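Data first, discussion second: the structure below is written as structure tokens.
Chain lettering (A, B and C) follows the sequence in which the chains are written, and residue indices restart at 1 in each chain.
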Amino acid sequence: MPAPTRTLERPPGAQEPGGPATGGRGPGGSGGGEQTAVPATTPARIAVWLLVGAITALFAAFTSTYLVRRGEADWRVGPLPPILWLTTAIILASSIALQQARRHGQRAAMTGLRIWLVVTTLLGLAFLAGQLLAWRQLVATGIYLATNPHSSFFYLLTGAHGLHLAGGIGALLYAVRRAPAAATASAALDVTDPVATYWHFLTGLWVYLFVILYAI
Amino acid sequence: MAEIPAPTGERRTGRLLATLIVVMIVLGGVGMTLLARRHWWMLPVASAHGVDVDRLIYTTFAVTGIVFVLVHLLIAGFVWRYGAHGTGRAAYWHDDRTLELTYTLVPAAVLVTLISMGAVVWARVHSPAPADATVVEVRAEQFGWLFRYPGPDGIFGRVDPALISPPGKPGNPMGLDPADPASADDIVTRELHLAVNRPVRVRIRSKDVIHSFFIPAFRVKQDAVPGMTVEIWFTPTQEGSYEIACAQLCGIGHYIMRGKVTVESEEAVLTWLAQQSH
Amino acid sequence: MAVAHGAVHEEHRLGFIRRYIFSQDHKIIGIQYMMTSLFMAAVGGVLAMLIRMELGWPGGHWGVARWLFPGGFSSDGVLKPDFYLAVVTMHGSIMIFFVLTTALSGGFGNFLIPLTIGARDMAFPFLNMLSYWLYPPAIVVLLSSFFVAGGAPNSGWTAYPPLSALRNAAPGSGLGQTLWLVSLAILIVSFLFGSLNYITTVLQLRTRGMSMGRMPLVTWAQFTTAILMLLSFPVLFAAVVMLLFDRHLGTSFFVPSGLVVGGQLVTHQGGNPLLWQHLFWFLGHPEVYVLILPPMGIVSEILAVHGRKPIFGYKAMVASICAIAFLSFLVWGHHMIVSGMNPLVGTAFMVTTLAIAIPSAIKTFNWVATLWRARIHFTPAMLFAIGFVSLFITGGLTGIFLGSPAVDTYFHDTFFIVAHFHFVMASAALFGLFGGLYHWFPKMFGRMMDERLGKMHFWLTFVGIYATFFPMHFLGMAGEPRRYYSPQMYDFLRGLAGLNMFVSVAAFGLGLAQLIFIYNFLRSLFRGPKAERNPWHANTLEWQTESPPPHGNWGAILPTVHRWPYDYSVPDAMDDFIPQTVPAAAVPVAGGALDDGLQGGAVDEPPVAGSERT
């Protein structure tokens, strides 16, 4: 046998994984009690980006058919329910609130984290209520799902976005319960950050939808 | 540690597999192709583009056939030769830049050649129709074909789906709008007659679902998409009677959607048209 | 390590239901996926027999079959045309979505990914369980369409509107079509949960030393497939939702104005049927690679293990998997050459389509090169792997015809296409599935399958596949369109009756040969001899644990990886395999110390050309 000079080399980047059979993370992750934690990669952080990718593909499919359809001769854009300006402002505000929450989380200021998460959730609910009002405003003017191609796409896109946002509110509620209860800043961020990624994505998605539905 | 169960019979199995590959795949494949050439082959080509398409098919056939035979012979050879036997070891050989580059670049070169040839034929098939082309409309429906000639004015009159007469009743199967003067001399038929050696532009529409206008002898196929009018052109070169098939699943009568196209002299077409237009 | 002990304890606490039915263990879930898929394969196979029955003897009388499917046959035992189309549609849908995707990704993916990367389980075990448990409801919804008014859908697995959108366009376009769409939507959600899990697991849970460059090709293939699924299935989901809206809520995404169906003017207006085709094939083509990439990985593994030789060109293999995955998103238009798209677009798709042939060719030649100077053990797994290579070549070469638009125009929707994809996608994927099952059966169930029966199964299946599908090329050459209830209505198809009969007889033989597999599989499950940990003397991690692996996979300590997975027949080493867990210095050598040249295999990356001993 040759001299054991090269045993157990540890390749860069490889980390001891945690056993999902019992949950929890391995020693490779963060775990210290530092005030400003460097966000470590957790399964949830990766998964949320994959989820964002899948939802992007979904909306790319919806909106590419929309953009093709819009190019045809008989296309007419329906009226813009004025409340959509308000809901757009609300969802932008909710993203700002969520950033406030993360900022508190980074400093392990759990009370502030909880308050801002609750604010974000309330703004999200307000956004959903506003979208429902927008539907009612359109219905009141006699524009239904099947009235014309633009209205079909309007209800489809806002509906699909709303459903995803409702899922986001569920995630926020989870974060409201779990994040401020976490022992450390980094543990709190491990809960908050994936939710924030998803929520900001939905904000961006709404702005995109709003623009292609009415502006361009 | 012991070797994997003593390699008895491995060579025998390998030789059986090699023989099977050579006999069934190589000889069987080539033999069946020769047999098919006589019994189950493309109809004799009867259009101008069809000749180009056939040449492309034969070229591709030759190239892929050679690769098919060679690669299978190679596999058969390896399988014959390298069945586990004795105590020899496999070669610890897993990279060879030159070899890998060769079998990347050679297929790439062959494919680029085929792409270029294909692009030329495709561009020719879809080039603008010659100025002397006649025009005819094909409208597919569940389950049959309807043809319309524009008549002496050369203009197709307006159609309105609401005016289409119910199935089984004569009258206005195409839904011609009598309010449009251009529709007065349109001739609607259940058969297609084309002049030999005269390019023809075919405007393809559908009344209900997607169909596909397929004339095997002309190597012509084009989907009839409801809501769209797709125009193709081709030149029949052989007089005779040919079948039109539907090539896109359109419902339970898909398999009976048979149409007929007759290619004859220019005069014969005119005579026939005159009989239809009363 | 506390983790493992916890896992073992947890397993003991779980009752039968939590352990074997609503299990969160990736191995159980993988086996559940596999078993359910094999059941669906039997359903899809019976449907295939019905198709061949009708095409071999159009309008024939089949009293026995009438007893099995009372609604599908007229009183004198003739298969009805609408039932024929329902059978064609369901055969395609079941085989593609409910058998091959679920068995290869759901089955092997679940079972192998954590085991081959040295993880204890998936990153999200609960999501994994949910992913499986969406699959049976999808099956129930799908199969129930046979029993509703109008029967199963008639519009083919591609479900082109308006045929699939308008209720009176075909008998099966009623409730049956709706159930089909709903079933697909459920299954897509299941696939998305699965692929999300696979990608996260591979990125996050690789054990110490398992760099991406040391992952076995089977894991690379599963990883790439998961990315494909994650990005393509949402597009089909969008299409399904829009079609459901068109059917039930009066929208007009895919239905244009001015249609007259069944003598009635359709009220929809302003849609475009081609949009469905674009969305469908944007999924549809990556889906083809979702079916073929996992078998490619499986076959690479089997060729190396049973050939006792490193896979040739590991890096090129990984690169071509990635290239195929990327290009598969750019080729969907070649399914739409005659759809009425702009011809220039057709040219663009021709270029991308033939470009994807290059990585496929590289993989093929690498497999062939792996056989050169190998020491081949012709186990059933190896036979199926070599069969796969042959089928992939045959199907791949006919693909070159179809990539050229002018040629495709003639062959589109004829039996040539049917022959092509049954070789390259269906049979090849099936051979990957069989090869994988023969190879990993000992690991899955802790018992060996019978070799003699396995070989018999291979010989009959291999001959059966070629006898069934090779003549179909000539049916297509002669112009026989697919999805025809009977080819006898046309003069130009009359001469094909004999060939069709031959194909049908071969197909029946092929179907019967699968009974051998079913018998062997079930018998080995209960009576097979107990398998050792590593019956094939393989290097990858899954073979270094017990057969079957315990809950948590690895006992107390996670394995550590020291080398790439293909150190077979390393010169001077004592055994002809060196598992990935063996440190470089610990290789037992036959004649003294290993010299440095050899240890190319031991550092992070696999050895590159020139670094090995010459």
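Structure notes:
Everything below uses one rule, namely that contacts are C-beta pairs under 8 Å (C-beta built on N, C-alpha and C of every residue); 3 or more make two chains touch, one makes a residue touch a chain.
By chain, UniProt protein names: A = Heme-copper oxidase subunit III; B = cytochrome-c oxidase; C = Cytochrome c oxidase subunit I.
Predicted, not measured: the structure shown is a model, and the values here were computed from it.
Closest to the protein's overall CA centre, chain by chain, comes C. Centroid analysis (C-alpha atoms only) places B farthest from chain A. Centroids built from CA atoms put chain C at 28 Å from chain B (cytochrome-c oxidase). One inter-chain figure worth recording: chain A and chain B (cytochrome-c oxidase) are separated by 48 Å, centre to centre, where each centre is the mean of the chain's CA atoms.
Centre-to-centre separation of chain A and chain C, using mean CA positions: 33 Å.
Residue numbers of chain C whose C-beta contacts span two or more other chains: 271-272. Taken in their complex, chain B (cytochrome-c oxidase) has these residues touching chain C: 1, 3-4, 7, 10, 13-14, 17, 20-21, 24-25, 28-29, 32-33, 36, 39-43, 52-53, 56-57, 60-61, 63-64, 67-68, 71-72, 74-75, 78-79, 82-84, 88-97, 99-100, 103-104, 107-108, 111, 114-115, 117-119, 121-123, 125-126, 141-142, 161-162, 164, 166-167, 175, 207-210, 212, 214, 216-217, 219-223, 225-228, 230, 243, 245-256, 258.
Of all residues in chain C, those touching chain B (cytochrome-c oxidase) in their complex are 81-82, 85, 154-156, 160, 162-163, 166, 169-171, 256-263, 265, 271-274, 307-316, 338-340, 343, 346-347, 350-351, 354-355, 357-358, 361-362, 364-366, 368-369, 371-378, 383, 386, 389-390, 393-394, 397-398, 400-401, 403-407, 409-410, 412-414, 455, 459, 462-463, 466, 470-471, 473-475, 477-479, 481, 483-487, 489-492, 495-496, 499, 536-537, 566, 568-571, 574-576, 606-610, 612-613. Put simply, chain C touches chain A in their complex at residues 3-4, 6-7, 10, 25, 119-125, 192, 195-196, 199-200, 203-211, 230-235, 237-239, 241-242, 245, 249-253, 270-272, 275, 278-279, 282, 551-552, 558, 560, 562, 583-586, 588-589, 593-594, 599, 602-604. Residues 1-11, 13-22, 24, 41-43, 46-47, 50-51, 53-55, 57-62, 65, 68-69, 72, 74, 145-146, 148-149, 152, 156, 160 of chain A touch chain C in their complex.
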